[in-house]
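Read from first to last, the chains carry the letters A, B, C, D, E and F; within each, the first residue is number 1.
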Amino acid sequence: MDVLAIVAHPDDAEIFCGGTLAKHAARGDDVTVAYMTRGEFGGFDTTEAALAETREAEARRAASVLGADVTFLDFKDGRITYSLENRLELVECIREHAPDIVLTHFADDMHPDHRATSRLVTDAYYMVSLPLLESEHPPCDPRNVYYFGKPTSSFDPTVIVDVTDHQETKEEAALEHESQIAWLEEHGGIDAEFSDFVESMRADAHTLGRQAGVTYAEGFTRLHETTVDFLD
Amino acid sequence: MDVLAIVAHPDDAEIFCGGTLAKHAARGDDVTVAYMTRGEFGGFDTTEAALAETREAEARRAASVLGADVTFLDFKDGRITYSLENRLELVECIREHAPDIVLTHFADDMHPDHRATSRLVTDAYYMVSLPLLESEHPPCDPRNVYYFGKPTSSFDPTVIVDVTDHQETKEEAALEHESQIAWLEEHGGIDAEFSDFVESMRADAHTLGRQAGVTYAEGFTRLHETTVDFLD
Amino acid sequence: MDVLAIVAHPDDAEIFCGGTLAKHAARGDDVTVAYMTRGEFGGFDTTEAALAETREAEARRAASVLGADVTFLDFKDGRITYSLENRLELVECIREHAPDIVLTHFADDMHPDHRATSRLVTDAYYMVSLPLLESEHPPCDPRNVYYFGKPTSSFDPTVIVDVTDHQETKEEAALEHESQIAWLEEHGGIDAEFSDFVESMRADAHTLGRQAGVTYAEGFTRLHETTVDFLD
Amino acid sequence: MDVLAIVAHPDDAEIFCGGTLAKHAARGDDVTVAYMTRGEFGGFDTTEAALAETREAEARRAASVLGADVTFLDFKDGRITYSLENRLELVECIREHAPDIVLTHFADDMHPDHRATSRLVTDAYYMVSLPLLESEHPPCDPRNVYYFGKPTSSFDPTVIVDVTDHQETKEEAALEHESQIAWLEEHGGIDAEFSDFVESMRADAHTLGRQAGVTYAEGFTRLHETTVDFLD
Amino acid sequence: MDVLAIVAHPDDAEIFCGGTLAKHAARGDDVTVAYMTRGEFGGFDTTEAALAETREAEARRAASVLGADVTFLDFKDGRITYSLENRLELVECIREHAPDIVLTHFADDMHPDHRATSRLVTDAYYMVSLPLLESEHPPCDPRNVYYFGKPTSSFDPTVIVDVTDHQETKEEAALEHESQIAWLEEHGGIDAEFSDFVESMRADAHTLGRQAGVTYAEGFTRLHETTVDFLD
Amino acid sequence: MDVLAIVAHPDDAEIFCGGTLAKHAARGDDVTVAYMTRGEFGGFDTTEAALAETREAEARRAASVLGADVTFLDFKDGRITYSLENRLELVECIREHAPDIVLTHFADDMHPDHRATSRLVTDAYYMVSLPLLESEHPPCDPRNVYYFGKPTSSFDPTVIVDVTDHQETKEEAALEHESQIAWLEEHGGIDAEFSDFVESMRADAHTLGRQAGVTYAEGFTRLHETTVDFLD
C-alpha cells in the first residue's frame, strides 16, 4: 500500500499523523511525506534560506525515524495560495506517487497554509484520475483522502487510529525538529500552546485515545465515507 | 461473536438493521433480536391480542429468514416508558444473552417507543457489568452499543455496513410482515412514507450505500468511538 | 416567472434540480440553464474539443426535454476559478437573463467546479442590483438564490419541492447524457456511486420525498429566508 | 382549517405564536389554545388558587383578542411531568379538537414545563391516529406538529410566518396578561429579559422578520418536512 | 461568593471541576459539593453499604483537599431517576445553600446518573426562586448554572477556567479516591479510559488549556449567556 | 489598550460593533477603525468618486462620535479579493497600528467583501508576528481576533459585550451615514431588512442583550479561546 501525506510545514507530519505514518511504514507500506514548504518563516535571527536548509535536514531526519520517504514541493512558507496553477502542481505530485490514499490538513484549520494545502489537495484529487488532463505522469486513482487536525471542537475526527505502539517513535521523530522546538516554545501559536512540545503531543494523543479505549491515538475525517464488513 | 438487537416493534429489525443482522448470521455469529413489544397497536379491525399473535408469528418468520433467534420482552406497544424498573428489565435481558455488541434505536428518533427503547438500552448498558448489581444472570461486559435510524438529516451515521450481498435477504425478511405492509402502506407515518414498503427500504439503502462506494448499506452510530488499525 | 439555473457541467441540471426545472417549465415559467462548462474533461478515448461538442448536444437535448432554454458560459471544465473576473462574467449572465430566482450548487459541495460556481453566483448576486456597477446589461434584482446538493449529511435541504409528477421527465432528460452515463458508470466518483445512473437519481428522490410525504422530491437551501403566509 | 396550540402557561401563546394564531383566526380558521396550566406559580403575595383564577381570566381575554377559543387542561404549573398518563390526557385533548395542525413548544426549550409539554404533545401525536387505542373521542390525523421557541441560537426556525399585519393584535393580546407583566418585569427569567415586555416581543419579531424580508415574523420548526409546489 | 457543585458520584467533583472548585476556595469563596450518591455500585468484593462508607470517607478527604464543604443527598448509585419528587429534593438542597452559582453535569453526558442529575438541577433551578413554591428553606436566586463534561466532541465548552495553579491540588484530591482508582483502572468505562487516573486528568486539562493559552484548564457551558464588560 | 477594527464598508463599524468600540474608547483605549473601502458602490444617481468622498466624510463623523480614529485602506467596494498581495497589505496595516486585539467580520458572512476581509485579516494575523517577514513596520503580536456578524442562525456569538450605556452613542454615530440610510431603506439587502435603520440595530441589540441579562449587547466569536479566572 502506498501512503502519501501532503503537509504544509516540516513538523506537521509528526504533530498530526506521525504515529499513523510510522505504523503504516512498520508493516511495510510505502510512506512518503510531501512538504509543501520548508517552513522557512518559522524562526528568528536567521534568514529564510538558512532556515530552509536547517529545516529540510530536520524533516529528513524526522521522516527517517518514521520510516517515510520525503519530497519537497517548493511552495513558500506563509504564502501558499489557492490557485489553479498550484492545484495542477499537486496533480503532478499525486500522479507521480500514485498513492492508494492521501493524507492532508482539514479544510477549516485556521492556519492559512494548512487551509490552502487542504483545498489544493482535495481539488487535485478530483482531477488526478481524468484521462483528458495531460501531465508528465499518467492518471492515477487514489481511494480516498484523509484529513487531520488538532483534537479541538472544530475538528471532530470520525476515523481514529490506535498509535499506542508507535507513540514513542512519533515523539522521537518530533524531537528531530530542534529548530522548531525552540521557536515554538518561545513563539508558536498562543502562549502556552507549545510550552512543552512533546507533552503537548502526548496529551492530545491520550485524550483522543482514551475516548476510543486505547492509550494513544490520532484522528482523521475522510473525503468519502467507507464501509465496514461487520460491526465490531 | 454474539449480537443482540433490541428493537421496539417487530418490523424495526428488518427496516433498520436487517442486512447487518443477516450478514453477521451468515458468517456464523449468534444473532438474537429482542422485541420490546409485539407491535399490537399497528392495525385496525382487530384486537390488540389478536394482532400481537399475528405479529409475533410474522416476527419469528422474518427473523428466521435473517438467521436470527428471537425473544419477546412483553412491553406494551406505544406505551414503553423510561423508568428505572424497565431499565432493570433490560439489564436482565442483556445479561441473559451476554452479547459482544448491542444494536438499538438512536436516542433522537421521534417515535416515542424508539426513544424510550434507546435510552433504556443505553442506561442498562452502564449497569450490566456492575458486580454489585444483583440479578438473575451474572454481570456481562458488551464491547459497544450501535444505534440505527433512518438516513435523514437528524441521523448521521458514522459506521456504514456494506449489505449489498444481503439486501435480498433483508427484503425477503421484511415481506414476512404482511399485516404491517398493508397497515403501513395505508396508514403508516406521513402520506407516502411507505407507499411501497420494499422500494422504500431499497432507496434508503442505495442512497446510503452510494455515498460509501457500495450498492446497498445500513448506517449506525456508536456509544464509544473505536479505533482502526490502519487507514484503508 | 423567470428561473435561471447556473450549473457547472451538462448533467448537473438533471441530477440536482431537473424535476424542479421541469415543473416550473410545465406551468409556463421561463426556465434557462446556464452551463459554466461543457464538461469536456469527463471522458476518455477522445479530445476535449470533441467531447465538448458531444456534451453540448446532449445538454441541449436534455434541456429540451425539461422545457428549458440553454446558454453556455465557456468556462473550462475542472478549471473554474474563484476570481473577480469570473464573478463579473456571472454578473453579466444574471443581468442578461434578469431572473426572479437563481439556482446553483451549494457552497460546501466537494467538487471544485461546483464550489467555485456556487461562490461566484452568490458573490455576483450581491452585485447585479448595484446601479453604479456598469455592464452591458442593466441592473436586475432577483429575489433569492436557491442551492442544491446531494441528499447527504453535509447538505441538509430546508426547501423541498414535490417532483413526483415530473420524475419521469427528469429521468428521460438525464438519459440524454449518453456519453456521461457510460463514463460515470465506469469512472464517476467512488465505486458504486453511479452503478446505475437512473436508479441512483430515483433512490435519492424517493428517500428525500418520503421524509416529506411525497414519492419523489428535490431539496434546496436558500440564501435569504422567506416567509409563509400560513402554516399548513 | 383547525389549529390547536398547546402551551404550558397563559402568556406562552402570545409570546411564541400570537401573531400566527391571530392571522389564522383572521382568515376564518378555527383556532384553539389549550393551556396545560394556569401559570399559578408565577406571582407573589397571593395564593396558587387566587393566581390561577386571575391568570385564567387574563388568558381568556388575551385569546379573545387573538380570535381564539381556549381550553384548560388542569396540569400543575412547574410540575408537568413526562408520564404515560399525561401523554394519554393529551391524546384525549387532541382527539377532542381533531385539528389539522398542532403548535407547541420545541423540545430543547430550557423551561421544564415547556420541555415536558413538547415531548408529551409529540408522543401523543404518534398515538392519536391509532384505531386500537381506545378513548372517549375517535382517532384523528393531524397533518403536522409545529414547534416554537425564542430566536436564540438553540432554536433555529425553518418555517417563518409573516405577522406584520398582526403584530399590533399580538401585542394587544399580550398586554392582557397584566399580572404577568408586573411579575416578569420584576422577576422573570434573567435580569433584563423582560424589562419591557412588549418591546421584547417586538425586538424578537423584528430581528426574525428582517432576515426574511418582512417587518415582523414568528418562527417554527416542524415534525415532518413538507414540500412546496414551486420555488418562489 | 457561594459555589455549589452538585455531582452524581464522589469522584466526579475532582474529575470534572476540581481545579475550579479549589481556585474559588483559595480566594475565600464558600464552596460546597453535594453528592447525589455515595457511588456505592462502583466496586467488587464488597457490599453497597461498606462501599458507601468507604467512598463517603474518601469524598470528605478529597473535598477537604479542595477546600470544600460536603453534603450527601442519599440518592442511590446507578438509580437516580428524573422525577418530580427528586426535583423537589434538589429545590430544597439549592435553597438550603442559596448559592450564587451552581455547577453540575451537562445534559447529554451518556452516564444515566449524570444525565438525570443534570436535568434535575436545571429543572430545580427554574423553581427555587418561586415565592409560591413552599418548602423548608426560603426562595433563593442563583445567577447561573454551569455545566461540565469531558473534552470530547459532544461536550464543547464555551467558558474555560485557567486551573494551572490548582492542577496539583486537583490531582492530590483525586488521589484520595483510592477505592475508585483501583476500580476504574481495572473496570471503569472502556478499556484504556482510566489506565492511569491522574495522567488522564492531566492530559484532558492540558489539551483544553493549550487551546486557550494556558497549561491546564477546565471547561464549562452555562445555562444563561453572560456579558463581558470589555473584549480582552 | 489598542483596539483595531477592520471593516469592509463605512457603516459596518456602527452596525456590527459600534457600541463596543464606543465603550472601549470611553474608558480611554485607543480605538481605530480601518475601512477596507469607502463603500463607493452603495448608491445611485452619483459616481463612485463622488460617493466615496461623501461616505468618507460620513465615516469620519461617525467614528468621531464613537471616539475612534480612522484610516482608509483603498480597496475597491464590491471587489475585495482574497489574494496574497492583499493579505500582505493587511499585514502592513496591522503592524502599523500594533493593536492588542483586532475586530473584523466573521468568515461565513454572505457578503463577498465581508468574507474576503475576514479571511484576509485572519491570514494576516498569522503573519504579523513573524520576524522573517520583512515589511515597513516591525512585527507585532496582537492577542486575539474577534469576529462580528448579525444575530442570525449562522452567526452564533460566544462573547457578548454589554453596550447598554453606549447604545445611544452607537445610534447617533450610525445616523451620520446619511447617504446610506436613504440607500439602505430603499435598496439594501432584502426588502424590509433596513426599513428603519436605527430600529433594526436596536432590535438586534435588544434580542441579543436580553439573552444575557442586559438591555443592549453586541456579540462576537474569537480566533483563540481565552480563559476566565473565575466563574461568575
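The definition used in the following text is that a contact is a pair of C-beta atoms (placed from the backbone, for glycine too) under 8 Å apart; a residue touches a chain by one contact, two chains touch by 3 or more.
Fair warning: this is a prediction, and the values are worked out from it, not measured in the lab.
Steps from chain C to chain E, taking the shortest chain of touch contacts, total 2. Considering the contact criterion stated above, the chains in touch with chain D and with chain E alike are B, F. Between D-F and A-C, more contacting C-beta pairs join the chains of D-F. Over half of the residue-numbered contact pairs at D-E are shared with one candidate from C-F, B-C or A-B, namely C-F. Between the two copies, chain C and chain F, the C-alpha superposition involves a rotation of 120 degrees in steps of 5. Most remote from chain F, judged by the distance between CA-atom centroids, is B.
Comparing the CA-atom centres of all chains against that of chain C, the greatest distance is found for E.
With centres taken as mean Cα positions, chain E sits 38 Å from chain A. Measuring from the averaged C-alpha position of chain A to that of chain F gives a distance of 35 Å.
Across the assembly, chain A contributes 82, 190, 209, 211-214, 224 as residues in contact with two or more other chains. Two chains count as a pair here when they touch; such pairs are A-B, A-C, A-E, A-F, B-C, B-D, B-E, C-D, C-F, D-E, D-F, E-F. By the touch criterion given at the top, residues 150-153, 156, 190-195, 199-200, 202-204, 206-207, 209-215 of chain D touch chain F in their complex. The part of chain E that touches chain F in the complex is made up of residues 3, 20, 23-24, 27, 101, 103, 143-144, 146, 158-162, 209, 211-214, 217, 220, 224-232. By the touch criterion given at the top, residues 83-84, 87, 122-123, 126-127, 129-133, 223-224 of chain D touch chain B in their complex. Every residue of chain F that touches chain C in the complex is listed here, in rising order: 40-48, 51, 78-79, 81-82, 110-112, 187, 190.
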